[in-house]
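Labels run A, B, C, D, E and F following the written order; every chain starts at residue 1.
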Amino acid sequence: MSQTTTKIADHIQKTLMPAGEFHPSPPTPPPPGSEEEEKWVWAEIKAEARRDAEAEPALASYLYSTILSHSSLERSLSFHLGNKLCSSTLLSTLLYDLFLNIFSTDGTLRSAAVADLRAARFRDPACASFSHCLLNYKGFLACQAHRVAHKLWTQCRRPMALALQSRISDVFAVDIHPAARIGKGILFDHATGVVIGETAVIGNNVSILHHVTLGGTGKSSGDRHPKIGDGVLIGAGATILGNVKIGEGAKIGAGSVVLIDVPPRTTAVGNPARLVGGKDQPSKHEDVPGESMDHTSFISQWSDYVI
Amino acid sequence: MSQTTTKIADHIQKTLMPAGEFHPSPPTPPPPGSEEEEKWVWAEIKAEARRDAEAEPALASYLYSTILSHSSLERSLSFHLGNKLCSSTLLSTLLYDLFLNIFSTDGTLRSAAVADLRAARFRDPACASFSHCLLNYKGFLACQAHRVAHKLWTQCRRPMALALQSRISDVFAVDIHPAARIGKGILFDHATGVVIGETAVIGNNVSILHHVTLGGTGKSSGDRHPKIGDGVLIGAGATILGNVKIGEGAKIGAGSVVLIDVPPRTTAVGNPARLVGGKDQPSKHEDVPGESMDHTSFISQWSDYVI
Amino acid sequence: MSQTTTKIADHIQKTLMPAGEFHPSPPTPPPPGSEEEEKWVWAEIKAEARRDAEAEPALASYLYSTILSHSSLERSLSFHLGNKLCSSTLLSTLLYDLFLNIFSTDGTLRSAAVADLRAARFRDPACASFSHCLLNYKGFLACQAHRVAHKLWTQCRRPMALALQSRISDVFAVDIHPAARIGKGILFDHATGVVIGETAVIGNNVSILHHVTLGGTGKSSGDRHPKIGDGVLIGAGATILGNVKIGEGAKIGAGSVVLIDVPPRTTAVGNPARLVGGKDQPSKHEDVPGESMDHTSFISQWSDYVI
Amino acid sequence: MSQTTTKIADHIQKTLMPAGEFHPSPPTPPPPGSEEEEKWVWAEIKAEARRDAEAEPALASYLYSTILSHSSLERSLSFHLGNKLCSSTLLSTLLYDLFLNIFSTDGTLRSAAVADLRAARFRDPACASFSHCLLNYKGFLACQAHRVAHKLWTQCRRPMALALQSRISDVFAVDIHPAARIGKGILFDHATGVVIGETAVIGNNVSILHHVTLGGTGKSSGDRHPKIGDGVLIGAGATILGNVKIGEGAKIGAGSVVLIDVPPRTTAVGNPARLVGGKDQPSKHEDVPGESMDHTSFISQWSDYVI
Amino acid sequence: MSQTTTKIADHIQKTLMPAGEFHPSPPTPPPPGSEEEEKWVWAEIKAEARRDAEAEPALASYLYSTILSHSSLERSLSFHLGNKLCSSTLLSTLLYDLFLNIFSTDGTLRSAAVADLRAARFRDPACASFSHCLLNYKGFLACQAHRVAHKLWTQCRRPMALALQSRISDVFAVDIHPAARIGKGILFDHATGVVIGETAVIGNNVSILHHVTLGGTGKSSGDRHPKIGDGVLIGAGATILGNVKIGEGAKIGAGSVVLIDVPPRTTAVGNPARLVGGKDQPSKHEDVPGESMDHTSFISQWSDYVI
Amino acid sequence: MSQTTTKIADHIQKTLMPAGEFHPSPPTPPPPGSEEEEKWVWAEIKAEARRDAEAEPALASYLYSTILSHSSLERSLSFHLGNKLCSSTLLSTLLYDLFLNIFSTDGTLRSAAVADLRAARFRDPACASFSHCLLNYKGFLACQAHRVAHKLWTQCRRPMALALQSRISDVFAVDIHPAARIGKGILFDHATGVVIGETAVIGNNVSILHHVTLGGTGKSSGDRHPKIGDGVLIGAGATILGNVKIGEGAKIGAGSVVLIDVPPRTTAVGNPARLVGGKDQPSKHEDVPGESMDHTSFISQWSDYVI
């Protein structure tokens, strides 16, 4: 049983027990990506919000308006994003309509949102519940709004996509070009200061800390931003520049400045970043750092290597 | 006479003279931490705001609503924070009520706010007045709001504490987990991008520049964030990861990535950070960098060491 | 013909053709800095907005309120900044009035805004149009608002200038002291997290990426911040501390921590930053990096040098 | 040809000519109540708004957000009502959702709205266009919002219905109990101060001026409010109290206080109101005053009668 | 047993039964005016709001923010009034503070509010619950806000009192001079258009319909407005001008224009108003019309008299 | 010396004494309509607001934002109206700009505003100061906004004029068609519910109470509304219908329904209205009721006449 599955089982144990009495729902969550999962996550979110509303009446109004008054995750999310991203010249009703329309018609955006919720819930030790992520994680919210901006971009509604990008950057301090392609199961942890350029591509199950830049080289207008493989972990403040390839399962140390390709399952650290173990025979790790979130296991090696 | 005391005396000289004629208040400020100090600081703030309102009628409305119409520092602060942090789903009246209730009943939060005002006023050369800090320093405001979130956390009002954290992160781009423990006399200078994790602890009289991360290792869910001693100075963009101990009076250079303990009164710089003077016999400084704000005296040493 | 001029010519080709039929305006833009240029840029912006409003009715309300209903660039800009920077205690009408008054009476601020628009349009490959920059680039907007704050500062309206600085920092996460002096043709790309201190000076045609700090040494209250020459390019996350001089046409690598002077047309990289080519005979480049935006050409050299 | 039909024909003549060239739509509007009519009216509204937006750029933003960005009358109306009736505790997104849901699913509400638009357009000489009514007539807007409140009432969603009533009364100064039943083709002219009680019933093609009360007797809680027949005209400030019957095509003079039944096609005036011509053989008029809006033809008779 | 008491008993029967099982509170409400009554009414309001929030999730956010998150009636009322009456230049936090301070320190205002709630609940057949009145009755809300304005007036805080009057008139279309003295147990039914002058006095248990004017003669600046005795009922649209005395238990017909004293327990109707039964021996009624709300029993008499 | 002049002199006495010491301005106000008067009134308003701000700090923010931060009456008025009349779809900045532009360029609107301020100040015993009227009188504010709407109407900017009418009707419950022509020195007292039709004309020095209708006959689309002569007084709730002429200095009793011409200096009362003294030889009064505000001197005559 994988570490994540164990964690989910624990979670079920803690929050649903004695499940037999009150919840006729099965004691294990539906398989990731299944249609049942979306419903299950939404039911969990409502149950969490209900518990919180009862425990904290001062927050109940907020919980009802953002979660409990809605009939589905996409309505809740559209409402929440519309209210967060609106301004005096881009009204909440307009944005709500835009979000709801796109989330309702594109199931892949909904399942990506669910995968992102799961990523935050089971990778971030500080993430107490799905609803905590839905309500409070600006990385999660910025990412969902980006997916809508990206959809608009692919539909050639570029001015609207760029207006959304601008609002996301103002409100969440997260600046993702609408053309950037981002996979599922993404955790933007803390998220402040993340910048992702136009031709960047991010795989699935990637974890990216705050202040991370996936930037261009600035020289040309073509394909000029990093390609991030599945399962990559990028530490806080890392800057990756140019059309470089960060291999699947690689790890980028906090504060690194990466201008080179990083092979799969290796670790790059430092400014400029070098591969731990050396560029010819870099050390390879077994786990998927984007999921295990092991930021610092390279420390001893690094110290040895650098000093 | 310490440098700070001299600065305060100078300040008195400049702003209150000829005090005998208009201000029957004593020519020296009350001792730090005393009850008189809170009143004295509040009186100073009102006097500053009154001068500014007269000089700049366009700003008078702002100064009256935030400062001059209030009878106490906690009311002014609660009003200002309520208006800054509110959203369409978390109303200003609700937040005002929450802040006022906690500031009114917990004197330690009020005296911490006063100590923070003094820290900004006497450590930051760009801080022209107490009211300038109260009104305009997002680091100061984020820190006071965090103290309230922390209080809520200790009262097991976690959903409200997390909602506050989220608002502080949206509005000020400062992300402090409500469980983090922070001392008094703290200066968050510029503050944008500061991230402080759940089990971090910060002592008294610490100065932290913008983009500083006190992050976790990501591996576990227990005690996993840095412990910052009294009087520490952490330069812009520094990243400190894991349950490491930054000793009392230590200094962390800008842009450093710190994964190791740093002994008291020593300086760590670089990515990865090393101790200036070497890890076996690091150089020790005499002053308290968190108070003197000497960011760069290590430069010559560093250059020698590194190159 | 310079690269920029070629790009402008291309642009004319693409957007105005067949110019003869619909636009009696000359096929080439007026010379930079001329009075005609302001009008030409404003006419371009309106034409772009009109095209976008027709293509995307959901955005038309936004485009009319911010651009198409206004008779001049300064009115549009004052409106947009007033609505972006206002708060419940600093009303949009007050800010609009303040901005409009200053932009209307000081032509140098208007021509600086035009030069900044040109900088974004022709240096940033992701900048699709002038209106895209005017509406959506927080770096552009923060810079224009800073120019007004700076003007207020020089008029001894310091409390208002500081209140503006605070709003810019809250809304755009860009913190520029109102006393800082900034030239024309500036590109703040992405802009989140930029911090510029009180005595900093920035020349013309400079490009500065996000998370860049031009900070003080913290030791004293006098002249203590960097001086950035014309045509400099400062990469993402670079930290430049103290009253150091970055020579004309120099380049600072992403993530660098610069505590030393950098000679003209040289490149400094790393933490702490060193000159590429060595401090005695640093390599010199021919182009103006602040305009060419070549972030990474030093990579091969650097790798050679460092490893 | 009736007067109204002539007016419509005139209107077509004026606004659509030369219809053959630009509008392939038939030169006469579709029959009232038909499905085509809804589309035709919506097309007219969009054409009017487009003309106005071109003529008055300062209003274009308003016209795009309320009309031109929407794909249907019900979306435009839901948006406009949501923004008009929202408050800090009843958000516009919530109301928009509520209105859109009900207007989308109940075609009778949409056709009633169209009939009301026609009523304003062809009965009120000051009503220049359909869009003028849709945007600016608080009587029209209050009536459409009431229809939604009434629908909620019939669905036993009474607290929501009453909350809507309260918002309509605050915003438009029109107080209609959600249980009141109101027909189609209603003109509430000026509308300020209209009060309509719980058990009131209003037929079709009724015109009601401002300050009109359809009140209860206050004695009991059963059926206690007036019943207004088809085609009735009620003058400004008239007060009709109790479960009385105002016959089809009757006319109530301005300022009258009516406590009695009024037979069809007769006129009641005065305080207390009496029938013109005497209660035994009251004068009968031929036209339908609710449509012809002839307020004052009774004057000579009245003078004769009263004095 | 009075009619009102019976009604209360019925109410208890309906809403609390089977009281023994769920509500240990006594089956009859506490005596009017007692301290227990305030608590009982507040408990009723919370119970009603809880039921409504459960039945209508879309309204739950509103009900929690206005009622269920508050610990007392005065907090709920202060919050609700602050949010209703605020504007961009008079912030909700300021008004909330003002209301809460006065309601908290003056028990007579709280007991008057309770008496007014009871008046609406038991006199108005359309008033379904206490919470319905608290949330939705603009007459109730205007009256409570007036009481605060009146308190400010008596404390010589006249500019604030007049600013409140203005906000009440803008928001509720109810214009009561802050100097006017108003008793307890007042029902302003519908309330739109009510105007009450500076030297007017209103007794206890008075019911006043919409569009009622208690106006001055305009000639002088002294005592120049009506004095309304206890238990008076004033019908819709009645205008009472000058320092006239409306005796205890009198009734003023809808639409009347009253320029004369009206003796106790008599009825005045018409324009100009005359006493039913003649001025020498007017008919006297037994009941208290301000409580029984019998608007129309004079009809037969009136008809006889007038025609 | 006229009554008004005496009142002004008294006022001077009270508010400016000892004028010699503090105000070098002349002890008597400048002649009505002179250019000096505008300045004098504005200086008075600022002095009043300053006194109030000092006495009531909680109101100071409001007074500074609306009055004290502005350099002229037209700026203050434009700001205040912009903030009162704005909505989420018609922004305050847009309205501010519109108002300021028109008030700045049309001196007759400014002098009309001054004459209206004087009318309220010296005719309404409840009007304590000019600033009280400027800030709080919705009749005054509605009238000034109407003048702007009328100006727009005459400039063929009809959609904007109608949008303004609608906002004035929503916010102030005052509905004046933008085509209606209104003189100077107008007092709309209380103002709620006033309705004035398209072809109505109002002379100078007219006083109109609340709920007054100057309505059309509804029959035709030509000239169909009342013409009100100079110095007329129209009592509360009066309804005047059709193209009738109310002669100079005439008086219309409260609640009257007027369908006939009323000769100069005569009084019409009742429903339907008749001339006091009889239609052949109506009583004539000496004073100008629109200025003396004598609402009720006709009472004895009326009673004699009617009963």
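Here is the rule we go by: a residue touches a chain if its C-beta (ideal position, glycine included) is under 8 Å from a C-beta of that chain, and two chains touch if they have at least 3 such contacts.
The model shown is predicted, which means the values in this text are computed figures rather than measured ones.
Number of steps on the shortest path from chain A to chain E, with steps defined by chain touch: 1. Here the C-alpha atoms of chain A line up with those of chain F after a rotation of 180°, rounded in steps of 5. Residues touching across the chain A-chain B interface largely differ between the two copies, under half of the numbers being common to both. On residue numbers, the D-F interface is repeated by D-E, which shares over half of its contact pairs, out of the options D-E, A-E or A-F.
Between C-E and E-F, more contacting C-beta pairs join the chains of E-F. Ranking all chains by how far their C-alpha centres lie from the centre of chain B, first place goes to D. A separation of 51 Å divides the Cα centre of chain A from that of chain D. Here the CA centre of chain A is 30 Å from the CA centre of chain C.
The mean-CA centres of chain C and chain D are about 54 angstrom from one another, to the nearest whole unit.
Residue positions 58, 61-62, 65, 69, 83, 88-89, 91-92, 94, 173, 192-193, 211, 237, 255-256, 271 of chain C each touch two or more of the other chains.
Contact topology of the protein chains: fully connected, every pair of chains touching. Every residue of chain B that touches chain D in the complex is listed here, in rising order: 88-89, 91. Residue ranges of chain D in contact with chain C, taken from their complex: 53, 57-58, 60-62, 64-65, 68-69. Residue ranges of chain E in contact with chain F, taken from their complex: 87-91, 94, 98, 157-160, 162-163, 165-166, 169-170, 173, 175, 177, 192-193, 195, 197-198, 211, 213, 215-221, 224, 237, 239, 241-242, 255-257, 259-260, 271-272, 274, 279.
Residues of chain C touching chain A in their complex: 52, 55-56, 58-59, 61-63, 65-66, 80, 83-84, 86, 92, 125-126, 128, 132, 135-138, 171-173, 190, 192-193, 209-211, 233, 235-237, 253-256, 269-271, 292-297, 299, 302-303, 306-307. If you check the complex, the residues on chain E that touch chain B are 61, 65, 69, 75, 79, 82-83, 89, 91-94, 96-97.
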